[in-house]
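The two complexes that follow have chain A in common; it is paired with chain B in the first and with chain C in the second.
Showing the complex of A and B:
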């Protein structure tokens, strides 16, 4: 006996007859093809224009600590460091705070208040990065400079990796909160009831049941926020100081964090992108920064999606 | 012991929520307090004077609106095509997953990459120089995942009986798609489009090398060498190299207008999104 089940809309559509020449289908495929083709062409061009640098610098492109384009020296290591440093600072702050806020919204607030908070946060997620940059340049960097001076340190200015990291933390906070909230919502009510049934208090059930159960979703949330932080160009550009060739004495050395630096994305946002086009090697080096950034960010983003999907498959 | 745990967890969560909401709300307040006094009718209708220290942002507003209108016009047909291909025409399996993956990757792509790709393709290969059209196309691709996913989600929750009824009436597949599926899922398209445009309006990185200049552009007359002014780039340039208090007031004013536009675009679709939310809950 064949089991009866309800057809999905997609399936029931295929019960209808199809004309030989189906305009809607043809144009759907057409628009999809145009998109895929355009993206493929763009990516191919980027890869192709990046090739000369590998002949010029080889692996020194990754490991070199000096970038002086007038001397044809292209080493991206300090920029990789800057990118990682600002993102780590941002996630160390935004991760716990965002997750904590999501726990509060989901577990302690009544449904209506939670909805209001969620909508508000989504709205705030839309604040353009240049506006964050403006706040950073006119408010945050003075604040960071004054605070560091008050703590007895002697930074050259308020433009630093630390300032960029703090600004990024605020920027990715809505992303962490929204996705963490979704992850916590995804924990099945049965788990909650079981926890309460076992006599766990509310705090215990949050710590020992809810957070571990939502673990995958929370990791996915933080990874997606990391992807955003790594790729942010404009806001970081405005407050990071854009000082090339800053290599720390040791990774995350405090003095390297309170001084100016450069990230992959902030380099791409700068004037060199316009200057470089005439010189194939210089241009290849600039395009390469973009490609490295792209591969890292897409890896992180897809990893986030993969973790989340595996989490869903378990339920 | 469990009283203590409860209290610690509660206080920690409350603290995080207060910090998060406090910071985000004070950002909006900080901008509004500084920016609102500068915003007036003249600010919106006059053009920029004295390198941003006087006058208004009329052509910046026009430029941003033109860019996002173009982005919407580019991404609408593409999103409809991809959403239908994804939902109906591709068989479930690898091809469909790859299309989702592509949208995911595109959504994650840092916006500066759009700027670099646009610089190569439009500015150099096509020889357009800086042009509003390349900015619009780049922004259109930038928001494509947002628009498509919103439409796909809406198509997914269409009641199957609509399509069965249409098939029962003897409509062909393309007739069902154009007369049932698309009209019924229009709200998903509009939601995604407005959210996408809200994002496009504030983007600087894709247009800074390809479409926008700081001063000296009005309505574009053609495609080649036809840049526009825009609000994000205006803020980006002014906040870097001017400490003139007059300029500072104008920058905050521009930020307020930009923020107002972004919030307006996201808020228009709020009732629609809440309604979908309610329907999903009642279904």
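Showing the complex of A and C:
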């Protein structure tokens, strides 16, 4: 009689235990290599084409406040400011609203209504960003313009960092809401029961048990939304005003927010990329904007994934 | 609501540089039309101004000859030139003459500009400025606004309202015509900071919805209802409106030729397209969109 053997986790009854180079395995390695190679080639190309600007502007490329390509002046600081400003406005709005909506859907709505609401919010995520941009032009920029004037302020037009931030808030809302919902779902039912068993009201158990327990997941959700906000080009392009060299008197000065500005992504979406080609320094300056945008988005995304994984390890 | 939807569709085609098939699905699906002349698509990119008659010509050629034509307006004229230079398209659309720099940038390409018509660039203002009494600008006044020396319409005889100037992006044919008129050449124009606008639809929409707004725009887009074309005061004090008669004789100073650009002599599909726009039917399309056809030019 042969002794029975217990399968170790991951071992399968149906596949031969010995690893073999069959077609499936080889092709899956191949496809993975293509993906990794594509990223590596893209990064190498960007870095290589970006080199001339450092010889030309040095650290002034980062710290310079003037960008006049006809005068070979390439300072990106105001664009960095614009990028950060619109993203912060977007997250300040979309963060609380998205998490609030997720709490409402998960804790107060019956399961079926929750699915309907989640579906509708995820539909928002499927709208192409150019459509958001056009709605921004048609509705939002006029609304911002009229509201600010009614409040006694004097914006030059409805194109502003604020308008772009508001539009981005709507665009990243589904990301925050869906991921926050997942994070809240991830909290063990035992925790909820224990909280209620200790006599906490539903409101208290959400505030003191659920939200802290899901904390990491919520931070990850907001970070992923930040990644999307940072990189959004077309929608921002249409409502941000695309005015270069708008350095504020102090960071987040209100007048800088209600006036036109420029972000890294909106600059890259503009006509200048067509002009830059052929002039190594100008081209390097434009490529550098893309490189920096890419690095920031990658960092934020990785950070989000890392926080989420650590969160899961704890639960 | 219908109006908004229509605008979204038009604006989507004009502004965002998304695939401009004008006819929507019908045009896009022509790739698989049986009897298609060639498997390779004829690709065009460039100026939103030239795109209007060209897109309509493409529509006709798709329907009548089963040609597979893809049109895009990414980057305006500079986009047309650079994409032709990079071999991404077979025909570039441009609303500005080629410069020596363009030729130098792409030494392998034998740029062949084909003149298809003429257009005027107007300085356009929003309704409140027009109603406030500003109807003409001189070159000096345009220059003062561009350099930020004049920032309120009351300094120009209008109402007390800040001037919201939207500058056309660099590389746009419209901007270069403006720079030629005010400064003699685009290179002499000073470096300035203004909010920038790109395509014609975007420009018209933003000027129409902003008080005290001013921008440069192809005169055929100035509808006289939401945005208004200012007359220009010539150096001799004469006021010239961007009317067809003044453009044809060259009295209106900011007019510009419209081009299709090819690499060398047009052949096959490229030739079919170019010949069609130069034919009587093609030239009628040029006129239909408010530009001057070649036979209207009296210079």
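Keep this in mind: the second predicted complex is superposed on the first by the 296 of 315 C-alpha atoms of A that agree within 3 Å, B and C clash if a C-alpha of one lies under 4 Å from a C-alpha of the other, contacts with A are read in each partner's own complex, and residues count from 1 in each chain.
Criterion: contacts are C-beta pairs under 8 Å (C-beta built on N, C-alpha and C of every residue); 3 or more make two chains touch, one makes a residue touch a chain.
Because the structure is a prediction, the values reported are computed rather than measured.
Chain B and chain C, once both complexes are superposed via chain A, clash. Contact with chain C, but none with chain B, is seen for A:246 once the two complexes are overlaid on the shared chain. In the superposition on chain A, contact of A:191 is made with neither chain B nor chain C.
In the superposition on chain A, A:233 makes contact with chain B only, not with chain C. Looking at the superposition, the partner that touches the larger set of chain A residues, chain B or chain C, turns out to be B. In the superposed model, A:32 lies in contact with chain B only, and not with chain C.
Once chain A of one complex is fitted onto chain A of the other, the partner contacts of A:158 are limited to chain C, with no touch recorded for chain B.
Of the two partner chains placed around the shared chain by superposition, chain C is the only one that A:71 touches, whereas chain B remains out of contact. By the touch criterion defined above, A:134 lies against chain B and chain C together after alignment on the C-alpha atoms of chain A. When the two structures are aligned on the shared chain, A:277 is found in touch with chain B and with chain C. Steric collision with chain C, judged by C-alpha atoms after aligning on chain A, is confined to one stretch of chain B among 95-103, 149-157, 185-193 or 221-229, namely 221-229. When the two complexes are superposed on chain A, the residues of chain A that touch both chain B and chain C are 130-131, 133-134, 137-138, 234, 238, 273-274, 277. If you check the complex, the residues on chain A that touch chain B are 6-10, 12-19, 22-25, 27-32, 34-36, 38-39, 41-42, 45-46, 49, 96-101, 103-105, 107-108, 117, 119-124, 126-135, 137-139, 170, 173-174, 177, 200-204, 206-207, 224, 227, 230-234, 238, 265, 268-269, 273-274, 277, 286-287, 290, 293-294, 297-298, 300-302, 305. Contact residues of chain C toward chain A in the complex are 4, 7-8, 11-12, 15-16, 18, 75-76, 78-79, 81-82, 86, 105-106, 162, 164, 166, 169-172, 187, 189, 191, 193-198, 202, 205-206, 209-210, 213.
Residues of chain A touching chain C in their complex: 68-71, 73, 130-131, 133-134, 137-138, 141-142, 145, 154, 156-159, 234, 238, 241-246, 260, 270-275, 277-278.
Contact residues on chain B toward chain A in their complex (touch as defined above): 2-3, 5-10, 12-17, 19-21, 23-25, 27-28, 30-31, 77-78, 80-82, 84-85, 87-89, 99, 101-102, 104-113, 115-117, 119-121, 124, 141, 144, 155, 158-160, 162-164, 166-167, 171-174, 176-178, 181, 195, 198-199, 201-205, 208-209, 232, 235-236, 239-240, 248, 251-252, 255, 258-259, 262-263, 266-267, 270.
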